[in-house]
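Taking it in order: structure first as structure tokens, then the write-up.
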Amino acid sequence: MSAQPSRSIQFDDQGNLRHFLTIDALPAETLVQILDTAESFIDFGLREIRKMPLLRGKTVVNLFFEPSTRTRTTFEIAAKRLSADVINMSATRMSTTKGESILDTVRTLEAMHTDLFVVRDHASGTPHLIADHLPSHVRVINAGDGRHAHPTQAMLDMFTIRQKKDDFSRLRVAIVGDILHSRVARSQIHALSILGAREIRVIGPRTLIPTDIQSMGVNATTDMTDGLDDIDVIIMLRIQRERMDGQLIPSEQEFFNRYGLTEEKLRFARPDAIVMHPGPINRGLEIASSVADSSRSVILNQVTNGIAVRMSIMARIMGGSGR
Amino acid sequence: MSAQPSRSIQFDDQGNLRHFLTIDALPAETLVQILDTAESFIDFGLREIRKMPLLRGKTVVNLFFEPSTRTRTTFEIAAKRLSADVINMSATRMSTTKGESILDTVRTLEAMHTDLFVVRDHASGTPHLIADHLPSHVRVINAGDGRHAHPTQAMLDMFTIRQKKDDFSRLRVAIVGDILHSRVARSQIHALSILGAREIRVIGPRTLIPTDIQSMGVNATTDMTDGLDDIDVIIMLRIQRERMDGQLIPSEQEFFNRYGLTEEKLRFARPDAIVMHPGPINRGLEIASSVADSSRSVILNQVTNGIAVRMSIMARIMGGSGR
Amino acid sequence: MSAQPSRSIQFDDQGNLRHFLTIDALPAETLVQILDTAESFIDFGLREIRKMPLLRGKTVVNLFFEPSTRTRTTFEIAAKRLSADVINMSATRMSTTKGESILDTVRTLEAMHTDLFVVRDHASGTPHLIADHLPSHVRVINAGDGRHAHPTQAMLDMFTIRQKKDDFSRLRVAIVGDILHSRVARSQIHALSILGAREIRVIGPRTLIPTDIQSMGVNATTDMTDGLDDIDVIIMLRIQRERMDGQLIPSEQEFFNRYGLTEEKLRFARPDAIVMHPGPINRGLEIASSVADSSRSVILNQVTNGIAVRMSIMARIMGGSGR
């Protein structure tokens, strides 16, 4: 679970953020600036007229090689509220397509004077590859690449935690479920580390926890009772039902019995612990409905914050752009 | 063919229309107001620049669980002319998906601060269900649910009738074809009743007329000669070809012979009778080309009016909205 | 390879261009005006804010019966930069669908007060058919119809040639590959003839060159060495891989060996010859990567120019429109 540091490509020569590809090499200061700017967009989201001219006359391309209506929609809404024109490209590319063809597609779109690519792909590293081969005035945001990273999701999670809990240095955070295959977990762990969380714990079946997880400064356990003890923030991950083949997870029922977050298990955590989930939730698999819909759940706050955080990231990386 | 009265949920505490789900429980006054407002949008549609700022900074979600390029496009055009941002979600949901998952989808979209859901679903009641579970500032328009209702279609039909015929109290209206499966017919019957049409008649094969139709104040006949006698407005319904399996309808040719609107059959109606169809028309099945393209046909007027009526409904229900 | 002259339908009574369907019957003056106007949009594409109000309040319908993300996107971007509302209709129509149904679809869309149809279809003549049956204030642009024409592609090619080479009367232009099935080649030949190119040459396997090509004032050869001799502009065509069945083309490798543009073959042309391709390129089939990515290649310039040229055409044909 090691990551290629990408600090250099993410910043320009003046030290301005120009791409948002991965969190692991970013300084805490950058993360805090993004969260602070997002605060102002939260107020904006409550206004009568949710439209500001920041990206007027700019073109944002949603380049989703892996289908995702939900995440695509959040970027589309965020970009349109900033007055950008949005082009949706739900390209399905063959697994045999060579990297060079992706670059041809992107170079062609760039030649149309587009300004920002929001990229999702099943292969790790595609957004980085694209950023590496585009002219310097074009921006790239990683909207999820393989098992590698989902940095905007992690940022909206950090925003939600800060909104509810204030100081990271006092927080113990548990991430529960399929850690091994989760780009969300990876990005969350990086962000929590950088922001100085007191403890990061992962909980899940042994088969779904990376063997080298301790090297990331993370504690691991297979038991929910131990795992949730003294925890302030519980992040449930989404289980991909296609992994429910008996190899990695015995059965849906058994997974829910051991790791599904019920009101009963929630009692192991701190009494004011909050419950998070990147969505869409599988009720009765990762989480009981009574917990998902309770006052402890901040799942819908995450969605609301996701718009503000994505607007913040777009505004920041587009700030210094211009042909 | 009974319907759950939905007056309460469609209005707020001050008596303002906030959702548009079904026509059956609406007062005549509300329908007339919608038609009157639509008049002004007809003029607007003839302007050089068809853009007004009424919904600027608002987000309209087209949530179509049942595919329909045509109806979706009319709502998209109507919303964009009011300056709204439009998000198209052509979600195909599994028939096994539980109602709860739809609500999770909608709650997620609402958390993004979207303002209006335009909903189509193959299941009756879905728009109502959604309206019932959203915060009070969010609006819902039913764009067709199962066999239940298609209220915006009925309103554009009423607009077209009023445009050509003026006073409902003197009008005899015939609805022809597959009444049983038609949400359009249901909504038209409600609207015509509320607006005080002199007579509503349905004409079709016995197998395609609901047995309790008289309880809606409607006359029924299986014969076109009798059925069209003295009629001012003829509404042809679209036949779903997948019902042409010999069970309900013997054959396309026989259906056309008995119920297809030809110039010959049109002579049974009043000499100034107009011909309507919700579209898309099946030429040579429900209607002869010579009738569809004649001066008696107002089918394309219905389309034009559909934009104005949908703008009117959007403007009305969004009028009092605001977070 | 004969074409129906369409001059009359493309102009209104005052001699203004109102549709853009085919190049073959257009006067040189019209082509030059389009190219001249496109110049100003090139500068526009380099501005910070790429948005002008020329088509504000107008609705452009992308009516693509044949899928094409790339071309559709260029029209979408061009229309949005002119502030139009864009409706994407990626209609897949059955091959059995009768022409009348297309006209019903288009008449319905027109009744919604849409202003411009951008039409692509696998059948030659569909854009012409549509233009012929719409009211006079509605405009049509051909975005590729069967093997007939792709006039906006040819215009962006002419723009690119003029940008790099200035005077057509001194230019020898070679078009290489599958001439027979190429609507791009047809439109390019018409445009080059009208603009007075010194020589037009086509190069390809005998099976892929129309037998009556000389009647278009074009020289033909099956040999690249002869064909590229003294050539100023090389236009490579895209090979449809589905034609690689051994009937018309022996094999990909053999095609590349004989007709693929390599650095070696490029030496047969003039030392300052430019290399063009409508895209997307098949690297290693029509063209070697080293040539596609070289300073001789203007393939990405073509893409950039495509936006400007399409804006120019839209602006020109919409100039005199108005209900």
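We just call them A, B and C in the order they show up, numbering each chain from 1.
One rule holds in what follows: a contact is a pair of C-beta atoms (placed from the backbone, for glycine too) under 8 Å apart; a residue touches a chain by one contact, two chains touch by 3 or more.
Computed from a predicted structure; not experimentally measured.
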Turning angle required so that chain A lies on chain B, C-alpha fit (0 to 180°, nearest 5): 120
Same vs different contact residues, chain A with chain C, by half of numbers used: different
Intercentroid distance (Cα basis), chain C paired with chain A, Å: 41
Where chain B touches two or more other chains, by residue: none
Chain B residues touching chain A - in the complex, by the definition given at the top: 56-59, 85, 87, 89, 91, 100-101, 104-105, 107-109, 111-114, 322-323
In the complex, chain B residues that touch chain C: 45-51, 69-70, 73-74, 76-77, 80-81, 279-281, 283, 289, 300-301, 303-304, 306-307
